[in-house]
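Shared between the two complexes below is subunit A, which pairs with subunit B and subunit C, respectively.
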Partner chain A sequence: MAKTSQSNMSSWLKQPGVLAALPASLFLLIGFAGPLLLVVAYSFMPSKTFTLLQAPTIENYSSIISDSYYISFFWSLAMALTTVVLLFIICYPIAYGMAKLFNKWANLVTALIAVPILISENIRLFGWVLILLKNGVFDGSMQSLFGLSISGLLFTVPAITLGLVYVYLPFMLFPLVIGISMVPETLKEAASDLGATRWQIFREIELPLSMPGLMIGGILTFVLVLGSLAEAKILGGQAIVMIADDIESAFTFAQNWPKGSALSVLLIALSGIIVFLLFRRVDLDRVIGRR
Partner chain B sequence: MKASRSQNLSRRFIILWTGVVIAFLYVPMIAVVLASFSKQRYFKFPIQSWTDKWYQKAFSSLSVRELLWTSLSVAALVTIISVVLAFFGALAFARYDWKGRKLYQRLILLPIFFPQAVLGLAMLLWFSAIGVITSWQTAVFAHLVWITPIVILIMSIQVYSFDPALEEAAYDLGATRWQVLTEITLPILSPGIISGAIFAFLLSWGNFPLSLFTTGADQTIPEWLYAKMVSGYTPMVPTLGSLTLSSAAVFLLIAYIIWLAISARQRRMENR
Partner chain C sequence: MLKYQLSRRNFLQQTGVWAAAASFGGLPNLAYAASDRSKELNIYCWEGYNSDDVLDPFRKEFAAKVRAEGLTSDPDAVNRLRAGETKVWDIINVNNPWAREMMYPEGLIKPIPRERFDPYYDKMMPAFKPPYKWAMDAKGKDLLGMTQRFGPFSFVVNTDKISRKMAEDQGFKLFLDPAMKGRYGILTYDNWNIYHMCIAADIDPFRKHTKAEITKFGEVAKQIFNGAKNLTDDLVAMNLALINGEIDAYFTGGTYTASPARLDGAKNIRGITPNSGPMGGKGGIVWIELTSVVNNPNPSPLAEDFLEYVQRPDVSKKVAFAEGTYNPVTQMGSQEVLSTFSKEELDAIQWDSLEQEMANSVDYDINPDYAEMYELYSAAKRERKT
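Up next is the complex of A and B:
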């Protein structure tokens, strides 16, 4: 019995796919799974300690629940939800155009939208600081054109929302394009011939059939916003504290690794559940490979 | 198909809206470049007088050179290592059919969905636990954890369209494994490999949340920019910002030309 399972194991290992998967998998085992397990272990250590050699405790979690951390969790969730809804409304017409209307122009539009991803987030957010600043691009133009002074735009919740929508737009758009291009034109024509209205076609055909792309885009942006740090700090000043900010200060200013680890575990668990629910419903071969 | 008036209208709306959103994406970058040429110590719009003195200052500054060098070394190493890891990773993702592939596809993509700031902090804990002092080399490791899965995803898109029959034909004609790899698989997949390398280089070049916690005493440009932004405005922020922006643009242009040349050559080979 033991012998057959061993030979099964070695024949499984000899598949070319397994061999090809090994280097990256081993690397991520050391570089990703290892640190994660360490964070989980630290989250059960007594507060403000730097070793793993103490008796485990759940004091970090209970103090997080009794403390005011729910406020930053609330803000992160609220910002994530707002961003996803706004992005869906902003991106749907563009995605539709890229999948169905633009034809040979679609590649150019794709490139123009993808290039900013490759420019450092900090520089792009700094551009918004320059625009929203008192005497900045927006305020300055209003002053010289209409004599109106509109300051106080920076360091507000709408400014953070703007930054989040701005940074994560491509992550909603591209999955949506794939989703919408999976909807067969013939189906829509048939529905139209049978007398369906534009709204009915959208609700009954386009939306359900492009759902895999919509789900990937929505959940990708949701999780990214949930863990975002730079937008709230650069554009928000002290307006709100999001959860990643709390985690950072627990690790750095407070020097409380176990508390920071426990907060991280909660954030990871929250994002993990969402991603897991997504992956159970989506077939990656079909979406990425268009098989 | 009947093209009614309302269809024409919505078509126009979509084109207009796309233009507006693309402008929205580029306006902040233009603002950064404009600010870097402003003479005033504090940014004020409309800009009254122009200067290139901040650029002269940046080019003669030793600390700026050091920042550039650190960022460049990290990005170059990350690109080379991630492309090698991801090449095989993408073959396992999309080319071969093997037991456990579905699970692998899901697990390997997890780091992309992971909050980067938390990943950076987890790495910091990890390095201190195993007794490694953080420096730009540890940042390379941290970047790789996040960037390798992205490169796997990008290369997989190309691998899906790769016809395995070509490899099999080469084997039947007596080619060795090495010959098949270097003469069939690599050349056909090269556009995907180059796209992957472009993403790897630029994502590492611009990365902030991972570098913040894993570079130790070394500093990359995005870290420096953040530190200066938070502690107070200096005209060097837009200047260095524009410099990294334009170097990324130049890099992208060169890479695009290479990519065009390679895919054109491939099309010629296919037509023969």
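Up next is the complex of A and C:
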């Protein structure tokens, strides 16, 4: 019996699929699962200690709950939701154009949107600082052209939102383009022949069928914004404190690795739950065209 | 003639072999463990020591491969050594209390020979004559590193809006004045902010505190955060906001942060040291960098040579005026070093008031209640009303 299961095991291990997956699995285990497990382990260590060889405790979690960290979690969630909604409104028409209307110009538009990704995010955000600063590009131009001074744009929540929408736009746009291009023209024609209005076609055919792209774009941008830090720091002058900022502070200035780890675990759990719930509604195989 | 044949199968095999070789070559720790390090030096430092102006002549003279990385916070740097990077670095440069109070007791750095380095302390400015407290271990026996850059660090104002005299007289109370609400920024060097908020609350940050004092600190932290226009950890952005009139002052700053703007011609940007305060009558703090030799298990023999190299007059000047920020150096006690600075450069580092500012300051140190105060500080930052 034991022999049979051993030979089953070895023949299973010899399958090309298993063998081919081995390097990637090992890499994931060492490079992804390992550090995550370390973070989880640290989150149960006593506050302000630097080793893992101590009796586990939940003091970090209880102090996070009793302190005002909910404010940072709230702001991170609120900014993530706002950014996703704004990005959907901004990206849907562009994605529609790229998938259905621009034809040969679509490549140019893709390049124009993709090129800024090659430049460091911080540099792009500093560009915005120079535009929004008092007496900066925008304020200065308004003063010289119309005699109007519009200062006070920088270091505000709208400035942070602008930065987030600007930085994460491609992450919503490109999945949306794929989603919209999956909607068959014939279905729309059929609906139109059967007397559907333009709005009905959008609501009952285009939107549901492009939903996988929208979901993936939404999840990507939501998770990225949830962990973002630079926009609130550079454009927002920390008008609000994002949770990633609290995590960074805990690991550095506070010298409190366990608390930083506990905050990280909560953030990972929060984004994990949201992604899990949303992915249950998306058929990935369909999106990449295998079915 | 040898014919090289490449089939699809052996292409894959070879790619695998080369990929594996490359990945091992890319792991610095494995590579370092067994290598000969006689011509190699790794420096982890505040910006300046990593500039090519400082390093290139050393590279040439010692035929050495020097790798340098800038650090952005003392605690971060010490964390990295704790996490095992003592294997990577040979030299570490952080502010004064860390070597004596943390890194040496934790075995992260090692002492340097006094007979070789004490003579350099003899040539420094009078306040740094040997045995200089922060360069020695707690018993006063071992020498833990070399001082060079230092500077008073309290706050910065635009003197066109707030006069130097008024700022020095008011000290940190300036930021509690209701008229200043929305007119200042906070440069979020969190550890410094905590010290300065203590001073604003009339508390000496560098001793044990009572419950009432810690509560008072929390209240002042809230008041200062709620009155701030902006928060950033970027000194350039803060100077820009000051020059553009977005703010009139910023909380936590000094020669280190004001000097780049001053050298660019913005002479109205000035680091201020309060005339009085709760630390034995003094109201300012001065930081002193200490450059130490890391306790690397496979050390580079060039580490001490580098410490000696940066003491040279021309190199001292380059360290003082490397890219980023400009600072006085302890070697300016020697006329030979002082004469390398131009009038503009001396003005940028506020040489005219340095002696007075030093006299009104105490040395940066460890705050025994830092952890507890940090909780209140970070809560005040999160709960800030904008």
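One rule holds for everything that comes next: the second predicted complex is superposed on the first by the 281 of 291 C-alpha atoms of A that agree within 3 Å, B and C clash if a C-alpha of one lies under 4 Å from a C-alpha of the other, contacts with A are read in each partner's own complex, and residues count from 1 in each chain.
The definition used in the following text is that a residue touches a chain if its C-beta (ideal position, glycine included) is under 8 Å from a C-beta of that chain, and two chains touch if they have at least 3 such contacts.
Note that the structure is a prediction, hence the values are computed from the model and not measured.
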item: Room on subunit A for both subunit B and subunit C (clash or fit); value: clash
item: First, second, both or neither for A:K48, with subunit B first and subunit C second; value: second
item: First, second, both or neither for A:N256, with subunit B first and subunit C second; value: second
item: First, second, both or neither for A:K233, with subunit B first and subunit C second; value: both
item: Touched partner set for A:G147, first subunit B, second subunit C, both or neither; value: neither
item: Partner chain in contact with A:D246 - subunit B first, subunit C second, else both or neither; value: second
item: Touched partner set for A:L133, first subunit B, second subunit C, both or neither; value: both
item: Partner with the higher number of touched subunit A residues, subunit C or subunit B; value: B
item: Contacts of A:F155 with subunit B and subunit C, given as first, second, both or neither; value: second
item: Subunit B versus subunit C as contact partner of A:S68, first or second or both or neither; value: second
item: Clashing subunit C stretch [against subunit B; choices 3-11, 111-119, 129-137 or 291-299]; value: 3-11
item: Residues of subunit A at both interfaces, subunit B in one complex, subunit C in the other; value: 126, 129, 133, 135-136, 233-234, 251, 257
item: Residue numbers on subunit C that touch subunit A, as the complex places them; value: 73, 75-76, 79, 82, 185, 188, 190-191, 229-234, 237, 240-241, 244-246, 371, 374-375, 378-379, 381-384, 386
item: Subunit B to subunit A touching residues, read off their complex; value: 1, 6, 11, 13-15, 17-18, 21-22, 24-32, 34-35, 43-46, 84-86, 88-89, 91-101, 104-111, 113-119, 121-126, 129, 141-142, 144-145, 148-149, 152-153, 156-157, 160, 198-199, 202-203, 205-209, 213, 221-222, 225-226, 229-230, 237-238, 241, 244-245, 248-249, 252
item: Subunit A residues within the subunit C interface of the complex; value: 48, 50, 67-69, 71-72, 126, 129, 133-136, 151, 154-156, 233-234, 237-241, 246, 249, 251-257
item: Touching residues on subunit A, where the partner in the complex is subunit B; value: 12, 15-25, 27-28, 31-32, 34-36, 38-39, 42, 52, 90, 93-94, 96-98, 101-102, 109, 112-113, 115-131, 133, 135-137, 139-141, 144, 166, 169, 189, 198, 220, 223-224, 226-230, 233-234, 244, 247-248, 251, 257, 260-261, 264, 267-268, 271, 275, 279, 284-285, 288-291
